[in-house]
Amino acid sequence: MTSKQFDIKTYTGFKGITLLCLVILYAPLVVVTIYSFNASQSLTNWEGVSLRWYADVFTGPESAKFKTAAKNSFIIAIIAATTATTIATLAATGMVRGGKFRFRTVSFGLISLPLMVPEIVLAVATLIFFNSIGFERGLLTILLAHIAFCIPFAYLPISARMQGIEDSYEQAALDLYATKRQAFTKILLPLMMPGIISGFLLAFIVSLDDFIITNFVKGAGVETLPTAIFGSVKQGIKPNIMAISTMLLSVSIVMVTISYFVSKSDNTK
Amino acid sequence: MAAGAASGGSATTDTYKEARTWLLLPAWVTLSILVLAPVIMMLIYSFLTKEFRGGVIWEFSLAAYDQFFFDRGLFGDDPPKIEWTYVTIFWRSIWQAGAATLLSLVIGFPTAYFIATRSENMRPVWVFLITIPYWVNLLIRTVSMKFLLRDQGPLNDFLMSIGLIDSPLHIVNTNFAVQLGLFYSYLPFMVLPIYAAVERYNFALSEAAADLYASKWTTLRRVLLPAIKPGVFAGCILVFVPSMGSFLAPDLLGGAKNFMIGSLIEEQFKGNAGNWPFGAAASMILLSMVLIILMFSARQQAKADKAGG
Amino acid sequence: MSDTENIAIDVRDAVKRYGDFTALKKISLSIMDNEFFTLLGPSGCGKTTLLRMIAGFEAVTEGAIYLYGDEIENLPPNKRPVNTVFQNYALFPHMNILDNVAFGLEMRGTSKSDARKKAGEMLELVQLGQFSARKPSQLSGGQQQRVALARALAPQPKVLLLDEPLSALDLKLRKAMQLELKHLQRETGITFIFVTHDQEEALTMSDRIAVMSAGEMQQLGAPTDIYERPHNMFVADFIGETNLLEVSVDGIESGRATCHLGGGHELTCNAVEGIGLGSKVHMSIRPERLYMSDTPVESESLKGRIKENIFVGTDITTIVDLQDGPDFIVRTSNSDRGNKRIFEPGSEMYVNMELGAGRLLVD
Amino acid sequence: AEGELVLYHWFEYIPQELLDKFTEETGINVTMDTYDSNESMLASLKAGGIGTYDVSVPGDYMVSIMAGEGMLDTIADGELKNKGNIAEEWADPGFDPGRQSSIPYQWGSTSFAVSRDAYEGDIQTTDILFNPPAELQGRINMLDSQGEVMAMAALHMGIPQCSTDREQLKALNAMLQEAKQHWASFNSDTAKEVLVSGDAAVGQIYDGFSAKAREEGANVEYAFPTQGYIAWMDNVVLLKDAPNRENALIFMDFLLEPENIAAVSNFAQYNAGVNGVGEFLDPALAEQPEKNPHDKAGPGVFIEVCDEETQAVYDQIWTNLKK
Amino acid sequence: MSDTENIAIDVRDAVKRYGDFTALKKISLSIMDNEFFTLLGPSGCGKTTLLRMIAGFEAVTEGAIYLYGDEIENLPPNKRPVNTVFQNYALFPHMNILDNVAFGLEMRGTSKSDARKKAGEMLELVQLGQFSARKPSQLSGGQQQRVALARALAPQPKVLLLDEPLSALDLKLRKAMQLELKHLQRETGITFIFVTHDQEEALTMSDRIAVMSAGEMQQLGAPTDIYERPHNMFVADFIGETNLLEVSVDGIESGRATCHLGGGHELTCNAVEGIGLGSKVHMSIRPERLYMSDTPVESESLKGRIKENIFVGTDITTIVDLQDGPDFIVRTSNSDRGNKRIFEPGSEMYVNMELGAGRLLVD
């Protein structure tokens, strides 16, 4: 009976579209997963189930390279996304809660600049720039570049969210003797969380996925997953790459599952 | 532009006015050094003389812009005419990116909304579900996507096996494939900002609209959307702008037959042409165009806000 | 009132549960077409919940609601000819207030210009004509509430639900709006379901009042019924101020009951069916039915000492300490100052009561 | 010797095992970065890569370009022990007279392969690419590379690669515009994959790729058109300001050992330019149709390097083609 | 009251402008330490704005505000020993109620467990002890308001600002909370600045009342002053119900003024300084100061006809049509039913007034 009840929050078809969205997102990955078990070399030929490519990931000639690359990628993505999210959160607070000021438009332009400059240009320019100031290329150059271009990806969801929060909550906190810092950390920040998580995740996947800029500013021999994978994929994905991708997926799915059960058990809130 | 991003029914406030400089400083410093400085260098490059096979000669020149705007024939000695080549390329990019943005919005908005209306415990799970695919490299995703969409690929096999079509749909190497690819590349950039905005939405407003005889769709259009406009705006920027400069999807799924700006610019730096000033000039023009589009839509929004929705 | 043809809203055995918590326990009531019906009850008793169920925003857990004879379970809110003034206003923040008010009209198909014209008139009605271009956030609390009222009235619904629509208004404006609302209701024939916590407002405006408590209906009746003949202690206590005395009924004779209260004091009042000899029950005496004097005036006179006088404008409230008995509250009209004595705190006096003033309560 | 070697190399062009062997033999640690085209290598070296890498592997024409740009170091006489192993015909090529800065790596041809399932007729003509029969129209993949497309077009029209004749250039422009209508895509990286998957029936392709496509089950035939085809040679060059110049020379010597360079050939299925590799090569390699032009085949020509002014016209034609 | 040492809040010539709109026009007032001070005025007159300036959320456009002698312009809200009960509650949506109430205590350095214990007590005080684990969205409007009250009270500020803190409560709970607030204020010595639109509440609770209108101060004084000796027409009209009559002063003699109203009626009342012979001014007569009879009783008797009787519980309001004169409102205590006549609509009668009941108003 209640199923028929009008629910202002529910739109017919939205669930369907969401499922369609998931299908679109995951269908290519299903292909990747299936073919990672292919005995053959080729994406277009199926020659039976095999685990040889998984073995290849760990023992093959390139295993060391991929291991380091994966490590680098995650270290960079986590540090870059965290730093960018922090910078973006502070900046969003300044922009949305800082009143009117003269450099507001300029600041917004600056924050979205990495988004608007074509990656290749930013890549070449950054490389030339690092060279001209004598900054030696390596992991650090990658990290710095990633932090910079992750900022707008973190900023936009965070500031969009912040604009939806009335300031009366912070005012109430200030009224109750919270310092501005406390009003920020205890009230605004928790209310911001969905925006911050969104921003962090976007920054994280953008960093994890970046090839062009990384390829330019990285030091010789420093690899991230995209640069390590790049060659092997351009001519058609190699099965060992599919095996790596499948494992990456599994790791993330395991993480989600854990977070699901953790949040489920935390029913006190 | 800032006003545009800040609009959407919610006023900006000055709670952290005193701390503003310190709050913005990290962003200013990071971006000035790591992005603005290189970009200014590129701006300078666009006014320099090209060095054959890449690089620049430090001599002022407008040749790059001249090449962009004036057609002097195949041999460069015809009287100058307006150059349409690059305009065509720009227009194509805008069109493709626009279509991809629209597609992302049509799919991404309901998804974001659906996620935001799940129980508090389930929302993060859904958000992760949307982002997990992006742990896998874009190139891999795009190649797999192409594999799926091929004439003899699983999608066509499936559609034919259920009898929906008789002969395979030709999707690969079409504009639609490019749009799909761009859509697939940037979908979470649409979903997540909208999700973050809807999550904060006061559903009492929807109730009030329904109470005043608005159908659900009217409620969506007239009340919900304006209230979460900053999120939608953010999502559209995050999909549209990178799509404009993208070249992976156009190359792989579109067959690289026609330049998009991304590929055109890439070609200037990495290809045979090796014309850095021209690549820099094209980038600067792209940059200013994106700025103009953003400013224009911000102006429209501000106007709409003033008029009261 | 029992003519089923004329029933606008019929709530039958409606139950509402939020998880384990039962907010409404089997509520049944019929609201007549063209009636001014008021829901009265303490904070949290379920008034808003009931309104929301009628408007269609909350599912009915058990039972059913009928609108002009039709079950409306499956009718979405936008199909119900019912408008709501929300307790928290729920004004559209991105629209100026003119557009807020015009919204419902536009949704009903009125052209944009007509809708705005009509909306302008509604804003004039609530005295906000000059603010029509402002956004809701630029208005004061009371102004927002008036916009909410104008917005709900504009499309002239069949049933109007008003959830404390005047609570943020000052007395003067509230009185004016009360008159205006009553007037509107009579003229348009719209059924009003009104939630208020202001008993005077309820008594003044309503055709009938439903008194609720903790999700249950306590009494349903005309204002004078509720005020003068409360069914039970809860209603007597909740509606208006009253002196609630624990008494034991010592004698019943020819419709009169003699009641004993603490400290040897005795009072006589009308007997009530169901309250027999020896019952220990409560008696309610309204403070305005009592008056004070130097010497006993009526047969029902009790000696006491003044504790405190409180000035409340139209009246003065006096708290009287009865020797060995409960405290009494006596309300003296301000007009009596001239010819009736106001006693200084500490002085001794008599509290007098007319015979019919005390009422025995079942429960 | 010990230490490091920083290699800038094509992706998927050298077997990891060979690098491991080098490290084992010499104790030198190899760090390798990869690129996907001669031009992108040039760009990144120009943007600051010089001084980072010891050696890279440019194609023939790119060697002359890099030499012209002053990006190459000179190898003095006697610095390479195995320089004598270089096959005679590759010892003094036009792009690096006297092998001053380079050694041969691999050579082969670029032409096109045609699916025999799709087309039965004569394929030994550049018409297949530029004026295709009805069966093949819309099913052609071209390399996404200006040099290879232009050189092939020049052969098709019988004009010089760096023509300065305006009429010829206009005709070339018009011809390409016309031909483009029949092309499905431009892609270098998946040149093999599209043939194997059947997405394309004709593909402009390197000989080694064509052979691999055949091995993977594509029923394709590699053409040596009568108008001619492209020949190329990739070379290992010693970069200017190489941080590990000594080790770079050791590596070059290593690659001049027949056994080692043969391992590359077996992996990439191209030819080595070193004497005495025969015994180490996979015997099947020599038999490949892709390695054995037929009698009527036209000449194999190297891609030429045009001067700046001429190149500008070709750039314009390429942009016109892709706009 | 004029001892500057004891001034808690001193507002000097404060002006507040929103763009072109002036919300407060040169307001000056001193609020004493330990005082129960009430701001009263129509919706939109600037009460909330004044409170927000005192709390530190709005900048003062012109003028200054002193807190215990110190200019507080540059003191941030969290440094001001001032707490606020917000008109829209502003409860933290992500915290349960207990944590909401404990927040201020924690911020002042109380340990988490102590803060929660104290918060629990505060919740008991506002009768919400059993809801402490709920989120604000799961409470009714009145319940949320009580949480806001508990939250502001918990850290025991020096000055408490209350913006209509009881407006969503039912009469009974409101009376109880009024008593509780008054009690708390006396016990703790906290200065209360109270905004209400309920005149009875204002009159009952306040030490002093400031009546505002359209951003201007109209009158400042003790409750009886305001009610019985309004300075001007606005105050007389705004505070309580009154009959406002246009009169011309015909004669002034030994402190008495003879006033003429429409239709040949004449009334005598106390003369007021500044109102001379021949002035056309307003006279205010409170409805409770009038009573009805069959025949003229007092010297000030006017003949009229009953238009309508309205039952308001404690009283009955009668609207009387004076022949050729204005309508009169007469309020009769419900207790009078027994010994005073209630006339049926349409019947003729006399309205009587004591001599001191009418008051002439400057303005």
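So that you can tell them apart, the chains are marked A, B, C, D and E in the order they are listed, and the count of residues begins at 1 in each.
Everything below uses one rule, namely that a contact is a pair of C-beta atoms (placed from the backbone, for glycine too) under 8 Å apart; a residue touches a chain by one contact, two chains touch by 3 or more.
Chain labels with UniProt names: A = Spermidine/putrescine transport system permease protein PotC; B = Spermidine/putrescine transport system permease protein PotB; C, E = Spermidine/putrescine import ATP-binding protein PotA.
Everything numeric in this text was worked out from a predicted model, so none of it was measured.
Contact with subunit D and subunit E alike is made by A. Note on connectivity: the fewest chain-to-chain touch steps from subunit B to subunit D number 1. Here the chain pair with the top count of touching C-beta pairs is A-B. Remark: subunit A and subunit E have CA centroids separated by 57 Å (rounded to whole angstrom).
Each chain gets a centre from the mean of its Cα atoms; for subunit C and subunit E, those two points are 21 Å apart.
Each chain gets one centre point, the mean of its Cα atoms, and the points for subunit A and subunit D are 37 Å apart.
Among the residues of subunit E, those in touch with two or more other chains are 88. The residues of subunit B that reach two or more other chains are 8, 10, 207, 210, 216, 219, 227, 269-270, listed in rising order.
The residues of subunit D that reach two or more other chains are 43, 47, 190, 197, listed in rising order. By the touch criterion stated above, subunit A contacts subunit B in their complex at residues 6, 8-11, 13-15, 17-18, 20-22, 24-29, 31-32, 43-44, 86-88, 90-91, 93-101, 104-105, 107-122, 124-126, 128-129, 144-145, 147-149, 151-153, 155-161, 163-167, 170-171, 174, 180, 183-184, 191, 194-195, 197-199, 201-202, 204-205, 208-209, 211, 225-226, 229-230, 233-234, 236-237, 241-242, 245, 248-249, 251-253, 255-256, 259-260, 263-264, 266-267, 269.
Contacts from subunit A toward subunit D in the complex involve residues 41-45, 61-62, 124, 127-128, 130-131, 137, 216, 219-221, 230-232, 234-236.
Those residues of subunit C lying in contact with subunit B across their complex are 55-57, 76-78, 82-84, 86, 88, 90-96, 98-99, 103-104, 107-108, 133, 135, 137, 151-152, 155. Considering their complex, residues 37, 39-40, 42-43, 46-47, 65, 69, 144-147, 166, 169-170, 173, 180, 183-187, 190, 197-199, 308, 311-313, 315-320, 322-323 of subunit D touch subunit B.
Remark: subunit B residues 52-55, 74-76, 85-86, 88-89, 150-152, 172-173, 251-252, 255-259, 263-264, 269-275 touch subunit D in the complex.
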